[in-house]
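Here come two complexes built around chain A, the first alongside chain B, the second alongside chain C.
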Partner chain A sequence: MNIDEFSQKPVYLASKSDVIQDTSRIRGRMTIREIYNTHVKEEFPASQTVQALESVTSKRMTDILSEAPFSGSVTEQTTRIPVLTHGNGLHQENDRLKTKLSVTNKQRINGHRRSCSETPYGRSMQKKSEMDIQHDKKWESRFYESFEDPPIWTSILTYISFLILILVGHMREFLKKLGIGRVKNISEPNIPGFVTLYQTWESFYHWYIFRRGKDTLYRAINSVPGAEMDVMDRVTDDHYWTFRYTGTSTRVINFGSYNYLGFSQNTGPCAEAVEKSVNELGNAICASRQELGYLQIHKELDDLVADYLGVEAAITVPMGFATNSMNLPALVEKGCLILSDELNHASLILGCRLSGAQIKTFKHNCMEDLEEKLKEAIIDKQPRTHRKWKKILIVVEGIYSMEGSIVKLPDVIRLKKKYKAYVYLDEAHSIGAIGPHGKGVVDYFGMDPKDIDIMMGTFTKSFGAVGGYIGGSKRLINHLRLRSHSAIYSSTMAPSIVQQVISSMNIILGRDNSRDGIKRINQLKWNTRYFRRRLQEMGFIVYGNKDSPVVPMVTFSPAKVVYFSRYCLEHGIGVTVAAFPAVPLEKSRIRFCLSASHTKEMLDKVLEMTDKLGDTLSLKLSRKEPAEYGDSEDQDEEK
Partner chain B sequence: MVFNRVKNFISYWYLQYLLATSVYMLEPIERRIFNCFLIIVLAMFMYTSYVFLPDHARMIVYFINSYILQPEIVDGV
Partner chain C sequence: MYDMFQALLQAPSYHLFFEALLIIWIFKLLFFSKAYAPESVLTEKEKEELIAEWQPEPLAPEIPDDHPVLMAMENNIITGKPGKYVTINGKSCVNMATLNFLGMAGNPSVEAEAIKTLKKYGVGSCGPRGFYGTMDVHLELEDKIAKFMNCEEAILYAFGFATIASAIPAYSKRGDVIFADEGVCFAIQKGLVASRSKIKWFKHNDMEDLERLLIEQAKEDKKNPKKAKVTRRFLVVEGLYINYGDLCPLPKLVELKWKYKVRLFLEESLSFGILGSNGKGVTEHYNISPDDIDLIAASLENAIGSTGGFCCGKKYIVDHQRLSGLGYCFSASLPPMLATAAIESLRLIDEKPGMLVELRENCEKIHSKLSDINGTVIVGEPISPVKHIRLAEPSTDRDFDVQTLQKIADLSRDNKVAVTLARYLEEEEHKLPLPSIRISVNNQLSDEEIDTVFTTLSEAFQKIITH
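Then we have the complex of A and B:
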């Protein structure tokens, strides 16, 4: 099902699985007239004869009731199979049927509860039905992800340490009321009848726990964040409430910026092209895309992005966050269902909420859970009225930045085709970073970009610019050009940024007649595999897929993660810390963001320091054997 | 030389204690108060166990023995 049927009513598939056997038996009682009214009329013009009608209905009824539609190759799937739904002619039966259906099917679904094996948020046995097993293609044998659990004493100590911090925080609050001690938070008088300005747990956490490690975050830099950067030194006179800059800066190796292909440079062909474009076109375009703001250079960028991704057309937005939050409301609305992964980014969550659709989350990267939710959605439909959903949209990300995991895209596409849903893929971290040609997660799995209805991504991470894009079919992009909030209300991208994206994309595609793009992609891949393998061999717990350039190394305890970051800064390395609330409370981590501009010497320096710190802080908690995989994908294929 | 080794040993284990209980993140005055509090609690624990534990242990052993040797005569001791 493609996006061309966007404005028409979607049809749901009645597959012969045990869960909806009840419904097919009940629906078999439909009369020929009812079948004709509901969907044959849509397909065939009114001048069809009765014989044609009968042949159609008998063939299709038997097809549906006896044979599973999703068997065999993918090409068979694309033929339209009519679906038996509660059409317009069955209102009287609806009320009787809906209560019976929802009760039986809920029981059956809960009885056969399946959850995923080895995800960070749940594990159990993995069961697959027969017709799904034949679709376990080669990709699963090459797909490796790990989210290891720590030994129990680590978790206990982490909880004890948080307990101590919370108790000390409460003591300080109490002493502040008595007037002892300097606590520089904002206190508000307790006026009855008014809601408090500050939420209790979040503000408490921020003032008494987060503040103690605040010098590891929001560090100011003095130079371009390439492979090395200048971090401005700062000291605190009052225990991290405020900071003061001393005026000097330290040169550190940059493991904290998203700079996957190393385009974050202020010299080179990209920078020269940008200078030229600023001289020609100016600094900013102060008009929106629908008014005067759409220049020739923007059209060039749109076409280039569409070419890069392999889709028909693309639209660009000057801010990555706004690409998600302002375009999702234009695509879904109140009677639709969104199935989003539980670890989706804040921009996706905001876009989903703004759209007004019903949102359900499924377990992270768990295809069994997604399938359960899809089945529930199709059988039970909307919560009160039991009308069918107008659209079902599955929202996933290419690489999840806090976990380093890659979405299981072949499975998502298989489920999307089976249950006739739409897929929104957010490739913010994966575009340019994975795949043999750097074209993202679709390239990584070797799938067809036309299978994904809405491909979204950002230029911030791999292209050294800002902004985002959405790619898809021409009809989708035409709709977005008219209806998207960003096209109507926000001004378009500045010419310098557009030129930066165009130059970097041309380098990656190899159109500037040099091998720079291929070299960068290969360097990043080699860096990723080498770094991850070395860390796992040393015995650290590293989350995520073996191919993701985001390397989260878990340190669990808040004091250890702060000590690690401070020690690294003193010795010339800048890493980022991820702690609550971005990640679960007991699983704070150090995140290394690898780049194509990191040389092997820089990686070795970091690995040496991590080794030493791992011994000091007892962070080498991994109890699994390190996985064996090669340096690159060619070595994988040889196996 | 021995002092250096002892000092290294103590500072290593002090750092481990600070990191494991997250006292490392507290302000200096909070650290001192917490350490004093912990030392007082541990001292009281040791004192109580030194004074009372032998007697308690002896009574427990006595009760177990008397239960094993013959049936219990519930009469108080």
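Then we have the complex of A and C:
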């Protein structure tokens, strides 16, 4: 086949399907390669001409892909005729975004990120069989995720506000040197001969920027962190350098704790079982798993977790953070490659670092970037020695707590199978919180848990306890029982904690002969959709997936975040905030953590307050249509 | 200039021609030589082949189902409270394995406190300290620890292992230097790795070797004063070494600290609540002010009988971890019921220092008794609650020795004395201690029980070694 023939192909295709109509909408953003991939590849075996063409276009491809957010959905559009309602919304969105793109195109990272994560349809470059497409349709049509950028002037104002903070900080530092002003920092005493312990910038950020909003974090409570909690009142006499507790406390609605299924309770079946276990087994073990610290109850928990996850075996660790940092080094070593999502949790990053393997990050939830990196890694082999990689481990999280996004698991599995990599899935926030049976992202996408090599999660969030687990094949878990740092060098979980997990897990599984578990799961799902839909309808920029119970609402300016949080606390709502360095500088955010124990009245109260504050602080910056929350509406009526 | 031009004109034409050729040739060598290198760009097909060819190693090695350690975990079913006695496979054994030195893990008043808290707060705290995971009981426990240790401030971690492993990298960064004892426990080793600093190991408890390294460093610093100004120097030691059961020579370490201007971090997981007349650890044992130590870290999982750990020291040092201690910032906080359990344990230790005297007496008794077992060496200080029994004549084959010791442990377990081997990740330890049976002493052991332990162990040793 020569070039001339090739260029005629779209005409040929037009007669076959409505591709022309679709491409015209996309205004020439469809490249030859895509057309080729979509249609020609199936018709003609790869010839050298086409290969040459590909190599020319492939470089341009990456540029184009980062510009055009929806060009890749061509595959789906052509196969999904008639065009879905979703699709129509998409095109409108596409036009609107394109105008925005010309402004923000310089922010390449943002631009690319949007292209990777905003489209509800994964872009697919591979030739797909009809069955694959059918399968993908199932999840992709449900999958909605959004990361809207602010208008340009908001970004500029945010940067200016940081600039002012820094300038004022420097002025105060200067005045301090002159001996004027009342800077009350607990500065490091100068011990002669010793090198100072801290770097200047670290302290500077802490003293002059972080301090101003310090009261929004580290709030102490003195009650159960349930649907409501008592926040201890504190005052500052010295502009947030130090705090003093007044001894009183305020009852607030709790939107800050990770109490997804509402198991944080001081009464009820769990608490009763825990009390019994303390009486029977004491309050600590004081020995490691391999050194006679592995009790019958731990074995019971290990088996229950494996059963819950649908895997062969599981191992439990007393701390969620340590589950990652102490077990990853047992799985990969020098000569292995870790492909880690750029927004992975600190514990995963630490675990990866301790393992000694080479670490590469890929763009957040961007499967194209992951595939690119996978390909590159296998082809280029190890740097310097050029040996083949021993193993490649893809490390992803189920729900990303700062972004509220859900991992595109079906794509991860597809890539993992194609490139023979292993997958480490951290379900810290997703286990219990999503999926029709509360079994995390695997359940959410209806996948087979055996496809995931390492299933990790924590008991802190949905189960109202503390600790973590790793589930997988018998072979893997046996290896961890012998080689995990936690199996040898740390004591096992306290019996009370074990009992809490066992009890709450049995309730979720419905083994207590009640519908309590499934009720909690459905309530959380309803709460999530209702809350997210209402926020989006009000015009707020809400990040993440429509099913994620962590709801980050971006306010951009750090001052607004702090104001929002303080105002909420004064009016009986506790929310958490995230600002630099936990999130990008210009994307400070409020986070609402939803729970099954929240009632509609509670949600409405918060929504009302947020609505009011949104007007005051002009936070309603979204220019997108809200996502479709079809089934949530239905349930709303039912309610 | 003009002369040069004249000379150029007068030069013979063949000469000019030759020079021009030379210049062209040099240009070619400089700029075009690479163009002739064959291109090593792979075609798509080759790439696909490479991808298809690549086979990864299995994720985990094949482990036989009857691996002795796995079997031990599977078959030794432990039920009931592991206190002074532990029930293994339905048999009640004297517990010489768990690090429950003061019996706090099964103490009724500690349990009562835990249950009281459970009824107020539930089990989990459902969040990290920053996000509503701080409860008044955490603040109270931090306060109590700081007062107990005579320090300005204490910071609480949710897990013992993560305490020192997070504390070290919070201060020591790339480019800094850490002097560490070769015998430090695994948690410290991981902290050292995570810091990415330059580690200088000195021989276990060998102060001369340490001083040699410090002098070396001082010389290096003198050579490069600019670099020395920004290179922080740390000294990390354990109070009571869990792998050896011996004490660190703290007075000498403090002296070296001031002499060579290094910051001293002390890990007291084993000595906290045990050593000193009031259980304040090695500092009290040697009568050294805690102000001389920059940071003291300890786990609450041993003598205190709870979960978690803490660091304490000067406010300006400890406070830093609240923003940069990874295990503190990014982990859920300690369940409140375990925090109040720890508060109660501390109160008991403070109230009844007699417990510590009992424990020390038991430690010394057991030490002198066990020293009499033929064919073994007992490693550690007499006052240490952890003792390692090693073979007096180890063979060259480590695995064989481990097996021998395991047989001894199994036999004594069958005769109702529960002991365990000290387990290590053999490939990952910096310096692997010799195989040993680790004995931990409880303050509640009576003389008769100590005798039983001795006779059972010595019989087991005689039987297996002479076999």
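Heads up, the rule we're going with is that the second predicted complex is superposed on the first by the 482 of 639 C-alpha atoms of A that agree within 3 Å, B and C clash if a C-alpha of one lies under 4 Å from a C-alpha of the other, contacts with A are read in each partner's own complex, and residues count from 1 in each chain.
Operating definition for what follows: a contact is a pair of C-beta atoms (placed from the backbone, for glycine too) under 8 Å apart; a residue touches a chain by one contact, two chains touch by 3 or more.
Only a predicted model underlies this, so the values are computations on that prediction, with no experimental measurement involved.
**Student:** After the superposition on A, what does A:Thr246 contact: first (chain B), second (chain C), both or neither?
**Tutor:** In the superposition, A:Thr246 touches no partner, neither chain B nor chain C.
**Student:** Between chain B and chain C, whom does A:Ile497 touch in the aligned arrangement: first, second, both, or neither?
**Tutor:** second
**Student:** Touching A:Thr599, do we find chain B (first), chain C (second), both, or neither?
**Tutor:** Neither: A:Thr599 stays clear of chain B and chain C.
**Student:** Applying the touch criterion given at the start, work out whether A:Gly320 contacts chain B, chain C, both or neither, answering first, second, both or neither.
**Tutor:** second
**Student:** Can A:Lys461 be said to touch chain B (first), chain C (second), both, or neither?
**Tutor:** Touch status of A:Lys461: second partner only.
**Student:** Quick check on the superposed pair: does A:Leu617 touch chain B, chain C, both, or neither? Answer first, second, both or neither.
**Tutor:** first
**Student:** Determine, under the contact definition given at the top, whether A:Leu350 touches first (chain B), second (chain C), both, or neither.
**Tutor:** Second partner only.
**Student:** After superposing on the shared chain, does chain C or chain B touch more chain A residues?
**Tutor:** C
**Student:** Just which bits of chain A does chain B share with chain C as contact spots?
**Tutor:** none
**Student:** Enumerate the contact residues on chain A facing chain C in the complex.
**Tutor:** Those residues of chain A that touch chain C are 51, 54-55, 186-189, 193-198, 202, 206, 210, 217-226, 229, 231-232, 254, 256-259, 263-267, 270-271, 274-275, 278-296, 299, 318-322, 325-326, 329, 331, 345-347, 350, 353-354, 375, 378-379, 388-392, 419-422, 453-454, 458-461, 463-466, 473, 475-476, 478-483, 485-486, 488-491, 493-494, 496-497, 500, 574, 576.
**Student:** Show me the residue ranges of chain B that touch chain A in the complex, using the header's touch definition.
**Tutor:** 15-16, 18-27, 30, 34
**Student:** Along chain A, where are the residues that touch chain B in the complex?
**Tutor:** 157, 160-162, 164-165, 168, 172, 209, 212-213, 239, 557-560, 562-563, 616-618
**Student:** Which residues of chain C touch chain A in the complex?
**Tutor:** 42-45, 47, 50-51, 54-63, 65, 67, 69-70, 72-73, 76-83, 86, 88, 95, 97-100, 104-106, 110-111, 114-115, 118-127, 129-136, 138-139, 158-162, 165, 171, 185-187, 190, 193-194, 228-233, 261, 263, 301-302, 305-307, 315-317, 319-320, 322-324, 326-327, 329-332, 334-335, 337-338, 341, 418, 420-425, 428, 438
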